[in-house]
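First, the structure itself, so that you have it in front of you.
Lettered A, B, C and D in written order, each chain numbered from 1.
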């Protein structure tokens, strides 16, 4: 168990890097770049590039526990037993919200009460210690509207991949952080990535297209990633990973993944490396172990079919809580099977994928092009969220209208029952309507009660599919 | 650890049932039938029927250890952790060859030195004890040219599935048992199955089409199963499982599995239930754990695509030795994933399968029809083996000529480089030649040394595929 | 007749919004006035809402991320001060990890939680029961 | 010049034939006369072959099924009787289970095995070596 520690670096929270007292304790960027070079492991960007070139999907777990020694053991065990391509430090929910004091208090009381690793509290020397104890590069995964303190400690730790974005790590993760603030904070992060790139170190900046994870229409996920990617590239980021969450519908998911390189070509400058990342199903997970494992393998197979560079795995304990090491190992090993050379024969209907792709591209264009035309993209984003012309379902934040109502069609693909104020074309809206109408037996306008029931049914899609109707599966 | 025991029932070895001293110790058939009825579990035949009707592949491990308590724990652990549809008692290699004394001696010295459960030595009361300790029905898997003593103990134990056949459990499993003897011994077994069926108990009789497991051409496997199935049906057997071993080539394997119901319709009387059983790859297994697991999952998926009623699994320890419980559990769980409803979209090229199926059917017909026309099928089989018109590669027995030389074609399917004296049609021989010639770069007649090298290469097919060239994978 | 009213929210460090949205919808659907403070709501914000809505029958707090104990750290003190007078109901995923130790629930009661409810569908009955047994003098009509 | 000769076979309870076939082919390919007794060969059958082929340089026994110890139980006695005089080489998978205990090999030496060889490719060198060091008087030509 970790011995008591005092707070390091947290005093800089919310401040621009290198401008506050306490920053002296962090090494200069140059030193961190030299450190990474001397570390003798590939950067996350290199691993992603290699995966793409060899036609494999790189595999990465979610993992984070409160105590330092426990975190080190977790990383080592995962590497020894499942050899993921990239490892994760998942950060606890206090740190995400800059509740550093609470993180520290919990850490000192009982690190097991933390749902992630409080890196800021542990400090960058311990970050390096983690980094040095495994061969795979690390990524920081969190959910911080303002991640600057965390990012500084991450860079000082020699960590080469950092998740988040001014929209995707605000709306799903906080209630009352104005979007202009989070965009500004993430612009700071991205600028530092730009400087690091000039110093020769490429940081992989992953955008959290998963958003609120539950029934997110693909064009919403991708549109927000496009906006964040454009902002990141303008700030100097050179490697961008676009994460897309499994909807559960084969054609829709493969189409969405395959759309990512097209979007990159259309909206991003050359010279920016862009990777598609697939998140195994991020919504309500089946409770039965076999069912969860079916979904885990299926997700990994879809990642392969969609040409993702990387997959983020789940475990059969997802429905219950933070997984133990063994469950995490088994999730990774199972997902790895989808990379098997023996599965080359598995294919998906190319025509249907191409058709779906055209629609996704068109919807994304409807949403992002009015924004990208604006001279001040950050301001345009804030305004669009206020008006609902950019929006997400189930927002945790007041700064999105959350008018969108998603619904699964008869085949299980996620469509817009209501697109709220999104500027979708008539054609797109008509197609969404038609696809959804096909799934209504009667076609009558559903009342509010049935709307809630429908929504719950769609949220619990995989529970129903596996016959776990009462939410009580077998573990 | 099992306490010392003395030999029960073994004195009957090699004798016809119910005709020798010592048989008194076994209960009458009627009592065993009543016992099975009272046991409160489905028979293996019922489980297979249910699996077929629900479109699932039933899953079954190989498992057998020497000690009784250890065997019970193994069965219970496998059931608790992986819930296979059918469980196995794999019998040790001494018992298989009626070396009961050696089995007893090893059991008393150290049961861990046995490569299976010596059921005859333990006796039928212990067999019932095993049967009662799990919910799934049991099958006896062994490799006995003369299994009568074992079968009697099996029936008395209330076990409803029994593997073997007069050809398939002779040629791969013994050196010097004349084929007429093993055919006669298995006819005895099948007759008792007939009597049991009259008493209302259907015993699933599985035929070991896997044979010598290494590079067995599908038409050899299926032809021998057809002959054994016809003999079994004539003796009164009502449920026949035809096991076919994975060659590793998708189209060939799916075609072979889908041919089994056609063969049943063509050569077997109505009223005999016939199931296709798939054996996950039975040849040289990759040593690397991930590679082995890729192969395990792939095998299970092929079983599903081929419409098998049942799959016999392997483990990632296959290349090393008898697996431990955990490896066995993991093999079962992994194979179960191939039953996932989420994989309905996975398909195989129907035209290529249909074409391959026609050829398999034709080759099988070439081999079996001359035999089935004979008035005395058993005599005809013995003669055919002597002449080489029925044959297997790598025979363990002197009673097969083993002139067949198998070879993988450019795609990995198993073809006849030499069909020996098999009565294959000119067309079939020409197709085999052509397919193999396509895989030869030069097309020159290979010398003996290169023939041996080619053969070894084909045997080590999956080692090469996974890049385990030096046979030293990582475990 | 006045509508029944509850205060709803998600614990301070917790951003899980979906169950919160659905529970609010569902309670409104059966006639409740729901003051939904949404995600990331510290105890003092619940207390403020109680001041603004003295007629609220209960404070209903969801927590999924495992941090409920730290997030409700000030609850007992806040109740002692009288800043929260109505019963506090908590539901969700109430500890970190996949194996749940009942001690985690004990700790919650010690922190000042009055009721722990698993299934949102059980909320109306629990609210009725709390109302029926509440130690206040004013006469109330029990509605189901 | 006389061809070199070995006696080959698989242990008594063991039916694994493939390695046996391949090793026989390979040794014949480099000029050996191979008396292949095949699978399921008890010690007494090896002894008989030794009587018939006194010029055999070695008895080479394969075992894969894990039963080698019981299958070679009579080997020491048979050697003591003089019924097998040439060296006995054993190879294959020499115990039951996936985790191998070196004690299993010790036990084999105690049973009268002279050499344990893993890789069939190493057989020619081992045969050469055994021949070169063999305690017999008659002069021999070492061939590789």
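Everything that follows uses one rule, which is that contacts are C-beta pairs under 8 Å (C-beta built on N, C-alpha and C of every residue); 3 or more make two chains touch, one makes a residue touch a chain.
Source: prediction; values computed, not measured.
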Chain separated most widely from chain A, comparing mean CA positions: D
Where chain B and chain D are represented by their mean Cα positions, the distance between them in whole Å: 30
Rounded Å distance, chain A centre to chain B centre (Cα mean): 47
Gap in Å, rounded to a whole number, between the CA centres of chain C and chain B: 61
Sequence positions of chain D contacting 2 or more other chains: none
Multi-partner residues of chain A (each touching 2 or more other chains): none
Pairwise touch network: line, ring, star, complete, or other: line
In contact (per the touch rule at the top): chain pairs: A-B, A-C, B-D
Residues of chain C defined as touching chain A within the complex: 12-18, 21-22, 25-26, 29, 38-41, 65-67, 69-71, 73, 93, 95-100
Touching residues (chain side chain B, partner chain A) in the complex: 250, 290, 293-295, 297-298, 301, 333-334, 336-337, 340-343, 345-348, 465-466
Interface residues, chain A side, partner chain C - complex: 92-94, 96-97, 99, 102, 105-106, 112-115, 143, 172-176, 212, 214, 317, 320-324, 327, 394-398, 448-449, 452, 455-456, 459
